[in-house]
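This report refers to the structure that appears directly beneath it.
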Amino acid sequence: MLDFSSDYTRPGHPLLVDAIAKNQGTQFLPYGTDAVSSRAKARIREACRAPKAGVHFLLGGTQVNQLAIDALLRSFEGVIAADTGHISAHEAGAIEHGGHKVLTIPHKNGKLTADAVAAYCEAFYADGNHTHMVFPGMVYLSQPTEYGTLYFREELRALRRVCDRYSLRLYVDGARLAYALGAAENDVSLADLASVCDAFSIGGTKCGALFGEALVVPDPALTPQLFTVIKQHGALLAKGALLGLQFDALFAGALYLSIGKRAVALASLIRRTLTDKGYRQPLVSETNQIFLTLPDEQLEALQQQVRVSFWEKADAGHTVVRIATDWATTQDDVDALLALF
Amino acid sequence: MLDFSSDYTRPGHPLLVDAIAKNQGTQFLPYGTDAVSSRAKARIREACRAPKAGVHFLLGGTQVNQLAIDALLRSFEGVIAADTGHISAHEAGAIEHGGHKVLTIPHKNGKLTADAVAAYCEAFYADGNHTHMVFPGMVYLSQPTEYGTLYFREELRALRRVCDRYSLRLYVDGARLAYALGAAENDVSLADLASVCDAFSIGGTKCGALFGEALVVPDPALTPQLFTVIKQHGALLAKGALLGLQFDALFAGALYLSIGKRAVALASLIRRTLTDKGYRQPLVSETNQIFLTLPDEQLEALQQQVRVSFWEKADAGHTVVRIATDWATTQDDVDALLALF
Amino acid sequence: MLDFSSDYTRPGHPLLVDAIAKNQGTQFLPYGTDAVSSRAKARIREACRAPKAGVHFLLGGTQVNQLAIDALLRSFEGVIAADTGHISAHEAGAIEHGGHKVLTIPHKNGKLTADAVAAYCEAFYADGNHTHMVFPGMVYLSQPTEYGTLYFREELRALRRVCDRYSLRLYVDGARLAYALGAAENDVSLADLASVCDAFSIGGTKCGALFGEALVVPDPALTPQLFTVIKQHGALLAKGALLGLQFDALFAGALYLSIGKRAVALASLIRRTLTDKGYRQPLVSETNQIFLTLPDEQLEALQQQVRVSFWEKADAGHTVVRIATDWATTQDDVDALLALF
Amino acid sequence: MLDFSSDYTRPGHPLLVDAIAKNQGTQFLPYGTDAVSSRAKARIREACRAPKAGVHFLLGGTQVNQLAIDALLRSFEGVIAADTGHISAHEAGAIEHGGHKVLTIPHKNGKLTADAVAAYCEAFYADGNHTHMVFPGMVYLSQPTEYGTLYFREELRALRRVCDRYSLRLYVDGARLAYALGAAENDVSLADLASVCDAFSIGGTKCGALFGEALVVPDPALTPQLFTVIKQHGALLAKGALLGLQFDALFAGALYLSIGKRAVALASLIRRTLTDKGYRQPLVSETNQIFLTLPDEQLEALQQQVRVSFWEKADAGHTVVRIATDWATTQDDVDALLALF
């Protein structure tokens, strides 16, 4: 059966699986101290034009968010996020487990605006009782957002200026970053992220890797002893070379970018075709996700032939579903999918 | 160069790497809800003769210890461990990060005795101030221990009786469990563990897997909503099938056991030969680790040709080192190693 | 200067101060194990008609909320509260510091409705991703609310039925409980609270005591070793008799109730008079707090003669202020206040 | 019955009780923002010759330790303490509840030596695995110690030098500080503490106050937003003036010091007399506590006439007990006590 339910259904991109398989019996130094991991980190620093950046390989998206937030916040600080942010709703309280409140702001197409963040902070400091409240200490956003939309360079710079004004750190969750980098509309490079963020993640799991996220901290003085913090979080992989091998393959050439481009191109084709056929797309995504409102009967029939994701109920008789492409989606898959509409 | 430094230097056993590589492009349901993971869990339940057990796949040793301890303890309880226990010294405070104190007891050959635990608890409850202290809530031990020694069935049963008397949960860290199961002296089966423990782990990372530990909870009512707790800890793997594929391969037949047997047999050969050659072995390990006291000059020369682990300084002129075999160590490797002595 | 800014400006009711002063040199057993504390607890059990209840004396409102929530929730659970709830906004993240998320629901006059809680829980369990989210584990409400409004007996019973349906604990923050008990409209007795709640607090600090809140847990099996948890929270008072002496005085006769009645009667007089004079009261409080919208110039003039609390800006030219009476407010004070309008 | 069981049996010194009683109906600004609290803080700064110090009034000993340690440590750091330290054994895991490991070192007469701390740190940084371990981040000690012994100025300076060498903060728990300041042998002033410590507490609860500890942070930049952290810990007293009134009375003149001197003088008399009578005192205390080894039968008879504290069993037939004097002990009490021996 066709499966467009998500971008993390398949173990991994063949080049990454091969990198591991070829080295199946090679002996590496443990905990990421091996030479391949060092090389992979160097490649990422170069791609980000951030020669001093700390680069840390972690295992999954919630883990990297939880760790970065714990490492960058002080105990009396919380993190500002869109009410739709992954950390707000879908991480089972991982941030609160670390002791920090998620301070939610209404989103616009999944995005936070610099104005909304500034307004939040202004109101906070104007409140005579603010020392009885959680201080805003960070802005969390994701690129692309939960809704598949993109921040543009000027938007990030405006957010950075607000962060500077109110002593906030800026963290970007890049769980699906390849699909932002690969989007036609995108104008935010890795180097841009490194220049505006205090930390950001480069997602592997949803972008071709078996697992793994790279946490980039352009100024590593912000996160002293992060290796130990990672260990303390239960997040240190004994065989760290498994992460090094994968990120080395992703960043040796342009693989990471090309994975994104390919998936977005196919998603765009699906989007255009469905628009042409008159289907309603409630969210204007620009990346590898398509959101579609369908009558419930049509959805039921469709699900006999393709797996898609439930997103939310639109009304009594309609449902919003999500369709995702990934690095392995083929033109044939897309043709077969579109033939069902 | 020869490398006997640890049992987690190589990415993984060929059969496990193949299981992943063959399925590189297969689409699986996420978060361990796929059919292969279900089958792997069923195999583990069967191997443990624990048909109702909760089986949860996690990523690493510290993570599984931290999670099990958090899930099984109440806020006012701590965990009793040998002062040499991994959680006492080498997990960067992961247990305290979860809010629990590690209550240490001196070890005997790396082991806790039932008498020592009973004495601790008796003294605790006899202390008029004990409600101002951390209640013992669990016994943590590892099989094999940090020193490569083994608990025998009667020792575990005696510990269980003490646990019952003082309302303690019993948790066994099986990071290297294959090497216990594969030891000639061992009389503790997986089913024995399931019958005496409230929870235990079956280590993959150090026993042939790329990564992964199976947490077994014979009575799952003890750990409600553990899936959500795992997510909250940042410990949920999106592509859970990667763990399912590996544990399915390990437990489809006798692979897990045979990995242990083979490594222990070679370790025993090394141990015997070195003993015959008159080398001092300060710790009487029975599993895949050999501990050896060497004059510092000899060690320095040795390290030009083989990588071994520093364990501790014995005295001003001598050092204890650790030699470990694993699933991939060959007779040739062993011969080459022994030729150096 | 007149001061109607809050109900915690004065050290304490004369009878309570006297109870301490008279015993200034008496020697008591420590940590609340003394006879006076035992007698005070017995009086509270009797007043609540809860003969088996656990009664624990704590020091302040945030502390008792944080402790009760930590003690009653499991790690994967959060607490449902009105978005205006004290724990949501004004406790500096004390609940998240304990690892729990506050799950907010919009309020009606400061209150949560049973329907809103039921709808939240129904949506939660209907969500296919709910195991990736924080489970609702408790309903938090305050009696009276932040807005000075009251829950009625039938409303609490309806909330209890929802709690039973969804396995939620019900906790009532009674920081100002005397003023609820003393309100003309109130139909909720201490015994009613003990019959519907899993835990509730009886506030001392804002109701005549120097400091102190009594936490009542009708079924103490819900909170094992709570004494130790209190110690672990840094919340155990060495000289516990100071709390015992005060609660003994409050509950020896009807002092607690009469304190509330007196303050509410004067507040009602202020409310009625200001209404008669045409002042706008945006919140319909029934207890010891009056909320008043004033033109900014009038407020500025007023503040030369009486201290009131800023509540919020109503619009560009108007401000909402809070006026509070307490156990020490006199008819003369009220006359002097009303003469200013 | 005579009661020498501890120094926290009586509500409080008459001058402090009077300070509160006289102001029973005075209206104060809340949360310690009142003028009396400000004055009390100024007096403490002056007594410590630390004009810029942050001074924060808290409620109890465990609370102030937990708060100071949380505020001064980073997540990957633990606190070095004597194995007999209060935080090690008798705070119910309050430090671990805040996420930090207590790193214990054997004591000498209840004291840590600079050499022992230096040796711990040297061994830590020499350990090749130290990044997998909890970093030492602070030295905790108490003045006087649990055993009633004293640190001398040169000892504290030596500890400070070790702290500087290894980037440790130095925190002194002064729960019984008045009895150190009042000891004949003492050469450590408040100003000395302010010059060597990153933070220290001035205990009220055991030194004449009803309750209350002053936390002094000579360089307040070390603890940003500590007011909010206090609130988050549930440790902020609404009626902060109650603490201000007491510390104002203690530090307006020499009351704090004289309370200590008087109690120590009587304790010294008891010590000398018992020594002369041939009683064994296993711990050489210099402050307000006397430790005495008694045959069990004699102890049983004694306890019919005076309350003393159980300390520990010495051997099968002997017990160590503690006798404590306080600000209210009279010469008559002492004569009556000594008549029993």
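Per-chain numbering from 1; labels A, B, C and D assigned in written order.
Going forward, a residue touches a chain if its C-beta (ideal position, glycine included) is under 8 Å from a C-beta of that chain, and two chains touch if they have at least 3 such contacts.
Here the structure is a predicted model, which means the values were calculated and not measured.
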Which of C-D and A-C has more C-beta contact pairs: C-D
Chain whose average C-alpha position is farthest from chain B's own: C
Chain A and chain D: spacing of chain centres that average the CA atoms, whole Å: 49
Rounded Å distance, chain A centre to chain C centre (Cα mean): 42
Whole-Å separation of chain centres (CA-atom averages), chain C against chain D: 34
Junction residues of chain B - those touching two or more other chains: 75-76, 91-93, 97, 99, 131-133, 228-229, 231-232
Residues of chain A defined as touching chain D within the complex: 70-71, 74-76, 99, 131-133, 135, 224-225, 227-229, 231-232
Of chain D, residues touching chain B in the complex: 75-76, 78, 89-93, 96-97, 99-102, 128-129, 131-134, 310
Residues of chain A touching chain B in the complex: 3, 6, 8-12, 14, 17-18, 20-21, 23-30, 59-67, 91-94, 97, 205-206, 210-211, 228-229, 231-239, 241-242, 245, 328
